[in-house]
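Heads up, the next two complexes both have chain A, just with different partners, chain B and then chain C.
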Partner chain A sequence: MEKIKVKICCGTSCFVMGAAQIQVLEFDPPADIKDKIEIEESRCMNYCHNTAAKYNRGPFVEVNGELIEEANFEKVVNKIREILDGTKD
Partner chain B sequence: MLTPKNNANQMRTRILVKIVEKFLNNRFEDADRIPLELRPKGEPFNRCCIYKDRAILKYRCMASMGFAPEDEKDELTSLKEYGQTALKRKTHADNKLSVITDACSACVKSRYMVTDACRGCFAQPCQVNCPKQAISIIDGRSHIDETKCIACGRCQEVCPYHAVIRVPIPCEEACPVGAISKDEFGKEHIDAKKCIFCGKCLHSCPFGAVVEMSQIVDVLKLLNDSDKKVVAMLAPAVIGQFPGTVNQLIGALKKIGFSDVVEVAVGADITTQNEAAEFVEKMANGEKLMTTSCCPAYYKAAEIHIPEIKPFVSHTEPPMYYTAELLKKEQPDCVAVFVGPCLAKRIEAERNPNVDYVLTFEEVGAMLVAGGVQVMDCEPEEFAKISCAQGRRFPISGGVAGAVASLVEGKADYKPVAINGLNKANIKLLQQYATKGCDYNMIEVMTCEGGCVAGPGCIALAKKAAIMVENYVKTGADLKEKQ
Partner chain C sequence: MTSSLFIDIGSYQVQKSGEDCFGDTIYAKKIPEEQRIIGILSDGLGSGVKANILSSMTTRMAMKFMEDNTELQRASETMMDALPICQVRKISYATFSIVDSELEGKTRIFEMDNPRYIFIRNNRLFDIKGREFSSPKWKDRKICVSQVNNLPEDRIIVMSDGVTQAGIGNKKYPLGWGRQGCIDFILKTLRQDPYISSSALAEKIVNEALSKENGAKAGDDISCMCLYFRNPRKLLIVTGPPFNEDKDREISEMVANYDGKIAVCGGTTANIIERELCLKCEIDKTSFDTKIPMASKMEGVDLVTEGILTLTDAYRMLKEGIDKNSNTASVRLVKLFLGSDRIDFVVGTKINVAHQDPNLPMELEIRRNIVKKIFRLLQSQYLKEISVRYL
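Presenting the complex of A and B:
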């Protein structure tokens, strides 16, 4: 099965607002998703410039191209699990 | 420690960004919008209602401007007024950690609790084994009398159903020195005379009720004053705390108004040399033990809580001291701002006239975010003074002892041990080492588990930061060859 692509924005704004902490996925991912994800640390994806609320909606993470705003570890893991559950059927 | 930041920590960063934003926009003219902007109508709230969320946010904003919740004289004083007062003051606010009483949930005092899993069994091992007769059977279930319970935990150990649980008070549990305790209403208070500024309570409170007085407004004011030369002294733990390279960070910091950027790892090299020389001399004089002195929270703890170990604490000054001394010699008129992972550095700076302000990485990060600076896009610049591998490894547990070892080699018998994280158990251990002796003669103490890379003011994940620091160490020259 193709791995789920997790793209963590590591522009300064996202990094400071919490993206740095989401990198825990690289070191200590939950066992059920461990082998099924591929992490990419991205340069600024420019979402912070495009949204009206500016950096207040960050950090931004893309999971298989789907955008998560105000991302944190739980939100990202839940999204990954949702995609995995969907592919089981 | 691999726990990602939680909502309470993340909110602190957002508040700091807002504070910088409001300063840059209009010098706090509309600062009172911050709680509304962070908790807009129609979006989910965490406490009982959106209005309480906002009220607590106001207190957290106050702390970010340097005002403690207990400084409030009139509840109607606006954030704009606090901001303007902060802009007028000549010195930063008193360093302290405080509890926002209305945010403190007054966690239950009873440490042991019987849950629904209790079956009211015939054997009743909990009651039989309780040394204080605190357990009685009420309505077919065990009940702990709080007034008699001494929290020994026997009932929990013996219950065959695991029906007894221990409910900790997170802040009291985290505080290594018993500086935080309840008042008659169950609300927590920090005793300033006992506090060592480790910041563990701040990180552990699930309600985000603990705040610390920031100096961010004071530094912002100076950065935007063209007459002032403000120099950032970057702690060795800076590696990995921001995107891009440390050389790009120099460029980024100059964009937000710093006139120069120096590396504290250079001072750490001097600490290494002096501490190694001190160790060799002390051992030659027949002393049995020496401990490091560069962790300011440990230094304070030794001073007020572990008198047994105090005579063994090294007299060598910490890296910030030597860095600031060099800086003020070269640029006597500059404003020296230490930027690091540490809250306790604020109290260390109080006894050092060469250090004017102390900021955390998180606070500087907020400045970069609100200032719209992309570190990765900044031009890399070189430090005027380059640090060695030894000084660069200071922020990792074992780094200081290792650095000193490299210079002591062959001159004295060196038996090091690292106390990785100051907690209640390790304080007892230090007391034992001092009074009963031990198999070591050099004790490195770091209050944060993992070292400074796991400090309360960090942005990056401790584990990742540690890897980046190790890589930076590899590119540094050996201090031995430089001597």
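Presenting the complex of A and C:
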């Protein structure tokens, strides 16, 4: 099965909003998703600049291309599990 | 004419064991308008407070005379007249070594009664014939003047007799470590570490001298000042996107054509350069840290970091000292700063709207301000040559 792509923004705004806690996924991921994800850190993905779209609520994480706003560790892990569950049946 | 050299000047001292202050004084000054550096080391008679007063008076007077280019005989007579006379030896007593260097390469060295300076060129001792001279008023005091045109990688080392006489009276060093012992040690050190900084070299020499003393207790003040002439080590710091996007190309070309090390501090800035120069930029996971975003790797660039947080942390370390055993992006940046002689900042002035967001849990510095703080500190405290350009 193809791995789930997790792209974490580590730009300044996202970082101060808590992106570092999400990076734990890379170094110490929960056992059930450990081999099923592929982490990529990114520099500012430009969502934070997009004030017109009110996208100033980082940290931003993309899971298989789907954007998660105000992301945190749980939100991202839940999203990953959701996708995994979806592919099971 | 050779292009202007950079002079790395550094010193180290320990005081005589049991005294509360240095009897030797070292004083160095850059005169940017004249592209000149003057370094003075003086050893006051005796030790402790009295010696300290004698040697500080000597260095201050000598510095003033050197800066004003006072004629040598007048300067030395005035100095000898001004210093108090020792009751026992009936001489006004403080020795000195003065190194007066122009960045174009000309150096003059004036010495009175200190151990002779050591001049290293091509990893060998280079002997320069000096001219001796004494004033009719103080016949028994001789000043030796030598002059040399410096080349890159030359080193000049001056020291107080605490260095050469270290260990005197020991079984192993009945006559002290000696100038020759010191020369051998310097050559050996330079073989191991040819690009060692002046302050590190001075510290090594002084500690080596100290190790010759009985019980490693300094029997006299031990002081050393080193000068290292070299082609300037250049560093380009590019931070922030330019105010006008049509300058993106210009910034990228500066990076492409720079003849020195390069650091890019800022995600957006890195994106611009990646795009304009078609380079690949990848996160470097060995720099992981929970407080500072990771560094990236880009071909032809020595360091790529995030912007504001990294710069703010670098500024903190420049003030408080570098974090030990850490490999964060900011530690790497500070190491680049400290290893460079000339630092060219190119600062993009576009404001990042996201940083002004009141929802951010902490206040972010404005790029221009933090850069200003950094380069002022690099200039005043670390004596780096700085240029700044805003785009």
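A few comments on the model shown:
The criterion applied here is as follows: the second predicted complex is superposed on the first by the 83 of 89 C-alpha atoms of A that agree within 3 Å, B and C clash if a C-alpha of one lies under 4 Å from a C-alpha of the other, contacts with A are read in each partner's own complex, and residues count from 1 in each chain.
Simple rule for what comes next: a contact is a pair of C-beta atoms (placed from the backbone, for glycine too) under 8 Å apart; a residue touches a chain by one contact, two chains touch by 3 or more.
As the structure is a computational prediction, the values presented were derived from the model and not from experiment.
Once the two complexes are overlaid on the shared chain, A:C44 sits against chain B and chain C alike.
When both complexes are overlaid on chain A, the residue A:D28 reaches chain B alone and has no touch with chain C.
After overlaying the two complexes on the shared chain, residue contacts for A:N72 are found with chain B alone; chain C is out of touch.
When the two complexes are overlaid on their common chain A, residue A:K3 makes contact with neither chain B nor chain C. In the superposition on chain A, A:A20 makes contact with both chain B and chain C. Judged by the touch definition given at the top, the superposed model places A:R57 against chain C, while chain B stays out of reach. By the touch criterion defined above, A:G11 lies against chain B and chain C together after alignment on the C-alpha atoms of chain A.
In the superposition on chain A, the residues of chain A contacted by chain B and by chain C overlap at 10-13, 15-17, 20-21, 23, 26-27, 43-44, 56. Against chain B, the residues of chain A that register as touching in their complex are 10-13, 15-18, 20-24, 26-28, 43-44, 55-56, 72-73.
Against chain A, in their complex, chain B makes its touches with residues 2-5, 7, 10, 13-14, 17, 37-38, 242-244, 252, 362, 365-366, 368-369, 373-376, 459-461, 463-464. Remark: chain C residues 267-268, 270-271, 281, 283, 285, 288-291, 293-294, 296, 306-309, 352-355, 357, 359-362, 364 touch chain A in the complex.
Those residues of chain A that touch chain C in the shared complex are 10-13, 15-17, 19-21, 23, 26-27, 40-44, 48-49, 51, 56-57.
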